[in-house]
Each structure stands twice: as C-alpha cells, then as structure tokens.
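Before anything else, here's the structure in question.
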Amino acid sequence: MSNYFSRWNELAAIKKELADRDWFYGTSGNLSIKVSNEPVTFLVTASGKDKRKFTDHDFLLVDAAGEKLEETSSKPSAETLLHAKIYNKTNAGCVLHVHTIDNNVITELYKHDTHIDFTGNEIIKALGSWEQDAKVSIPIIPNVAHIPTLAEQFDRYVIGDSGAILIQNHGITVWGKDAFEAKKYLEAWEFLFSYQVKLATIKHVVGSF
Amino acid sequence: MSNYFSRWNELAAIKKELADRDWFYGTSGNLSIKVSNEPVTFLVTASGKDKRKFTDHDFLLVDAAGEKLEETSSKPSAETLLHAKIYNKTNAGCVLHVHTIDNNVITELYKHDTHIDFTGNEIIKALGSWEQDAKVSIPIIPNVAHIPTLAEQFDRYVIGDSGAILIQNHGITVWGKDAFEAKKYLEAWEFLFSYQVKLATIKHVVGSF
Amino acid sequence: MSNYFSRWNELAAIKKELADRDWFYGTSGNLSIKVSNEPVTFLVTASGKDKRKFTDHDFLLVDAAGEKLEETSSKPSAETLLHAKIYNKTNAGCVLHVHTIDNNVITELYKHDTHIDFTGNEIIKALGSWEQDAKVSIPIIPNVAHIPTLAEQFDRYVIGDSGAILIQNHGITVWGKDAFEAKKYLEAWEFLFSYQVKLATIKHVVGSF
Amino acid sequence: MSNYFSRWNELAAIKKELADRDWFYGTSGNLSIKVSNEPVTFLVTASGKDKRKFTDHDFLLVDAAGEKLEETSSKPSAETLLHAKIYNKTNAGCVLHVHTIDNNVITELYKHDTHIDFTGNEIIKALGSWEQDAKVSIPIIPNVAHIPTLAEQFDRYVIGDSGAILIQNHGITVWGKDAFEAKKYLEAWEFLFSYQVKLATIKHVVGSF
C-alpha cells in the first residue's frame, strides 16, 4: 500500500481541476483511483462533501466490494459500487464521474437512443482513434435510484480497460488506465457533448427528438 | 454570541465562492447566517457593497426585525426583511439570495406559472429527494419594488427549515439548516435552471410560454 | 495631482477584474479615471497593450484634450477622445469601455433601433431606478472608424454624470461618478444584455430583427 | 541560441493563459515560438501532455524539418509539421493552434464554404484592418488524419507573416511576428467566431447550411 499517498495526491489534483471547472454542483460527482491490485483497493471520494474544499477526509480507502478499510466517520460515495464494478472487471486505474449541464442535456436530446455516435471531430483522437473518419460511441443507460440495479445495467458496458458510460439525466462515468488517461478521456467526451449541444441550439436536428 | 467570528468566516467563504462565479453583478445579491437563537441574531451583507471585495465591513449583526446591533456606518441589505422572515419562522441557519442570468431567464419562461416542477434529474437528490422519479417544485412570486409587500408574498412560501423561492426576473432565495446545506441547495437549483434553460434553447417548448 | 497613485491603483484593480472576465480580447477595451478637476486630467489605458498583463506602463496621464502629460513612449488609447468628451461635459470620475460577445450581439439584434429599453428586471435598481416597473434605456450609435466623427455622434448622448452608450458591433462605454459606480453600472448593463440575448435564443423575438 | 530561455518563458506564459481558458481539452492544441533564424529552430509543445500542468518538459527545440535538437524522451507535437511550414515560408515568430467549441462549431456551420468572411465588427481592427467596413477572411480546409497530406492543404494558405487557418471540426492555427501578436490575432478570431455562433443560435441563418 506504498502507493497510498501518491495516489491520494493524484486524485486530489484532479478533484481540484474539476472543482475549478465547477463540475461538482450540489456535492454531486465522485472520483476514485486504484491503490493496489491484489487485493484490489482504491481511494474513493467521501459521500456528501463539498468537493470545492480540500481536507484530510476527502477520500477513503475501500476494498473490491466498496467496503471501507479505514477507521473514519466518512462514508464512501453512494455510487462506490459503480467504481468497484470497473476495478473488478478491468485494469482501469482511475474512475471519474461528474454531472455537467451538457452531459445531462445530451442524454435528454438522445433519450430514445441507446448510444450516441460521434464522427469527424479531431478531438476523437484523444479517445485513441487516430484513423480518418473514426467513429466513437458512448452508451446511455437509464437512471435508476436503486444503486445495485443501476450497477447491473452499468456493468453490461464495463468492457475494456478504458471506457465511458452516460447515465440518463445524471452524468458521465469515465475510466482509464491511470488518472492522466481518465481525465483526458473525460475532457474529450465533454468537448464532444458541448460541441453537439451547441450545434443543436442552431440546427435543431440532433438524434431522434 | 461566541459564534460571531466562526459564522463570519463561514459566510465570507461562501461569499468568496459565489463571487468567483460572478453571481453578484451590480452589487446584487445578499447573504446571511444565524449567530444566535434566543434572541435571534444574524449576520447579513451590508447594502450596496462590491461583493467581490473582502473587508471588515462586509457583514453586520442584526436582530430578528432586521435592525442593526452594531455601531457601524454600514446599512443592512435592503432585503434583510426577507432573511428575517425565514429566521423567525424556521430553524434555518443560512439564507442565500443571488441573481443569475439563468435564474432570471427561467422565471420569464415560466411567467404564467406559480411554480416550476423538475423531475427525473439526478441532481434532485441534492435537494433531499432520493426516491425514483422524485419531483421538486419551486414557487415563483411576482417582483415588487416595495420590500414589505414583497416580504408578505414571500412569507407564504417560507414553510420548512429548508426551502427556495424564485422572485420574477429578480433571483432565487435559498435557505437551509447551515451554510453548507444552503449552498448545496443553491447549486442544485441553479443546475436545474441551467439545464432547463439550455434545453429550451434547443426544444423551444418549456412551460407555458 | 496627489490623487495620481490612488487613482492608478483603483483603475488597475478594475482592469484586473475585467481581465479576469476576459473582456479585453485582442487588446480591445479602454479604461480611464479622473485625477484632477482644474485642469481636467485623467489616467487612460495605453494603446495596444495586452490588458491581462500588469506593468508600470498600463496607464498614462492625459489632459482634457486627450494629449499626454507624461514623458513616455506609450500612446493613449485610440479612443481617448471619447473619454475626454465625458470628462469635459460631466462630473464623471471614471469611464469604462469593453467589447463583450453579448454587448456586440445585442446591437446586432436591435440594429434598426436607436435605443434598447429594459424594464421589469431587478438589476435595474443598480442603475439607480428603484421604483416599480422602472424603465432604463441605452442608446446605440453606428460604429465609425474615424474617431472624431464617432466622438461627435457619441457626444449627443453624453448628458448626465453617469450614463452608458452602445456602439454598433463594437462595445459599451459606461461612466459614473467614481470607479465603483462605473463598474456597478457596467455589470448591470452586461447582466441585462446577457439576459436579453439568452431569452432571444429561446423566444426568437427580440427587438425589430 | 541565446533566445532559448526568454522564448521558453514567453511560450509558457501563453500556454498558461490559454490553459486558464480551458482551450486544451483532451491534451489537444499545440504551440510554438521561433528561437533562431539561421538556421530556423523553434520550441514546440511536447506531444500528449496535459497542458494545464507546467514542467521542464513542456517544450522541446526542433529544426526547420520539425526534428528534435535536444536529448529528451519527449516527442514534438504530432502537428509540428504545420508549424514548420509556417516558419519556413514566412517571418512568423509564433504559432498557436487550439481546439475550442466555437472554432469547431463555426466550421460545421460553414462546411460548404472555403472561407468565412467577417465585416463590420470593431474587433477586426485587432487583425490589422482599421478602415471603415474592412473585411477579413479565414480559409477552412478539410481535416485529414494523415498529417503530411493535411500539411500540403494547409501550405496553400500560409502566405504572409501573419495569418490564420481553420481546419474543419479540428481548430484554428494562427501565426504572427511574435507571441504578443499571435495571441492578439487568436483572441480576435475567437471573438468573431463566438459572436457569429451566438448570433446563429438566434437567427438560424449563417453560411450555407
């Protein structure tokens, strides 16, 4: 567990950056970073905190089931189960979940679809697709208040060591092999959402609405 | 009154955060925090100051009638009466009132309605409603230049220890049991307004306009 | 001229704040503050500088004709003549001119009008009108590349000790008795423009376009 | 090569400013600054870094062919060839390439055009055109994944010592005689794009779509 402090600092740096973008309205969002592989342990944001503040209780260590491994009065984020799904099935090293206006609006624009496809935008290279006319696709799953049920739906799309899932009128979850990669993917997806939403305000023709 | 300084600092921290979001255009907005219960006293923003600046005169202590309890040349905010209504009727510990473009625009979109309802967005959990398909509702009252008249209209919706009211083309007032909760609610409402306004720019079908 | 340094600092503080909002794209915008009354002298931003940077050459002292009173290689802003008009005709203490997307867009939306009127928004109180249903009005003048000609058109609307003028697809000029007041007015007008522009994206019915 | 450190610092300052605007989503964007003329050498951003961070490996020196001149594990940006084209053909001293939502959206709005013309906006003066009703024009070239092919298309529009090119759904490349000028032009173009995109959300009549 020698990674504990360096991982804490990496996650705190990302939390700071996303807080600067104001992506944690109403204490929403949750972040995690893997600390060890065998057994799987990860640091995850504590539940219900103001993520614009920085304290010694921002994160806590949990096991592969999302149960806390530290004596602390903090509770892991209510959605820790989604993070655990990813660490258990893949080699991901970092998971980021945020609510933004645009990642909510786009799920409403495409609410009759199971996926949103993007093609022809240069930022797609940041998602690892460098060929001409590469297409990227992100699944949208319905939002369900019961977290274990949500986790089941979510689980179907947890496939590779990096990936992203939109939850209807809720937000995006992105994962990658490390903090750097997860944040890069998050930014690329948010760029695509903002691009598409802005075009929609002009062209009024997006998806199936 | 041993709470005076710690409450001052809490309110100053919130003022800083909302100023960073540029939510105090034209010296608009006013904030308060309860200092004592018996008798009720609270710190409230001084009238007409630039809330992007930080001075020893930013707040002043007032009583349950909104009258100042300190020797100072500052005057309490012109809308202190609205804050007093809340502290007198409920156990709220903090009241936040801000003008934002989106909280003004949304009252114009719904100007023929007395309430705006929101459902199906995850951020609603931040308002304390965790069940599936929870609905939240915020009243809109007409804006009246005469503050005692406005306070009367306002008073009808001051019901629980937390709550929120929109004033037509003016802004939102949010209260909660403490500064943390009031700010969390404020952010959740603003998220919902921005979401709805952005959708409206695409779908052109919102409310009854 | 004992006011020189305190006025410099006041103007630098406003420049910092407006730069933080990114209101000086492409070295646009110019600011000034009165230093003495008899004779009239004022500090004005130097021409062509990046206003996000802070140096000893940001401002220079000029006389009532806009001619520089200091040995310096800097030149006064090309639009110093507009500032001089205001200091010569009124008791204004500060003049702010900025280009923003919304203050440009709104002049295009109302391009067939000579004025834009606003009523019913609470922020209007910041402009000094406290009565119910107060109306405020801002003139729009055509943009003319030849500054003396522009100054003549501008001059017709330089009436009171505070005021504001929009120049078509160019920006706003605001003045007030001091730096605090000028900035307060600027923020109030920009709030109204952003509000109106955002409503227009939804309702598609604004002004005479 | 005595310019190395002062140029490094100039480029780092611009990188900081553009990072503050969040114009490097998903590690996109690349920047360069000329260090010597004979032979041509320039500092260019290293490939694939998070440009919100500041390290000793942010830039590396390359020659006129874009080959690195330093022992370093960093690689020059994948698009260094475009920068090299400009330094080889012109006297430009700085080249900036960024992806923004608006510079992507506008290429989609004008996707059937080879150029976008702007006229009648004051910010055009920042691009060096001071006469009444000056028109500025920016070419749009198709985005091609194969960089040498893209560089060829790009090359046709690399004409003067300052200039700008839009790449379809990719971003803008701007150059000028030095860092100050390149950034000024970048801001002026982005202002025009944002203005036009915002108008399009209201008027729904832009370009040929």
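List of remarks:
So that you can tell them apart, the chains are marked A, B, C and D in the order they are listed, and the count of residues begins at 1 in each.
Keep in mind that, in the parts below, a residue touches a chain if its C-beta (ideal position, glycine included) is under 8 Å from a C-beta of that chain, and two chains touch if they have at least 3 such contacts.
Owing to the predicted nature of the structure, the values given are computational and were not obtained by experimental measurement.
Shared contacts of chain A and chain C, meaning chains that touch the two of them, come down to B, D.
Ranked by how far their CA centres sit from the centre of chain D, the chains are topped by B.
Look at the contact of chain A with chain D and you find different residues on each copy: under half of the numbers used there are shared.
Think of chain B turning onto chain C: fitted on CA atoms, that turn is 90 degrees, to the nearest 5.
Between the CA-based centres of chain C and chain D the separation comes to 31 Å, rounded to the whole angstrom.
Rounded to a whole number, the gap between the C-alpha centres of chain B and chain D is 44 angstrom.
Shared interface positions of chain C, i.e. residues touching 2 or more other chains, are given as 201, 204.
Taken pairwise by the contact criterion, the protein chains form one closed cycle in which every chain touches exactly two others. Pairs of chains meeting the touch criterion are A-B, A-D, B-C, C-D. Chain C makes touch with chain B in their complex at residues 17, 21, 120-123, 126-127, 130-132, 134, 180, 183-185, 187-188, 190-191, 194-195, 198-199, 201-204. Per the touch definition, chain C reaches chain D in the complex via residues 22, 25-28, 50, 52, 99, 101-102, 104-105, 108-109, 143-146, 167-171, 197, 200-201, 204, 206, 209.
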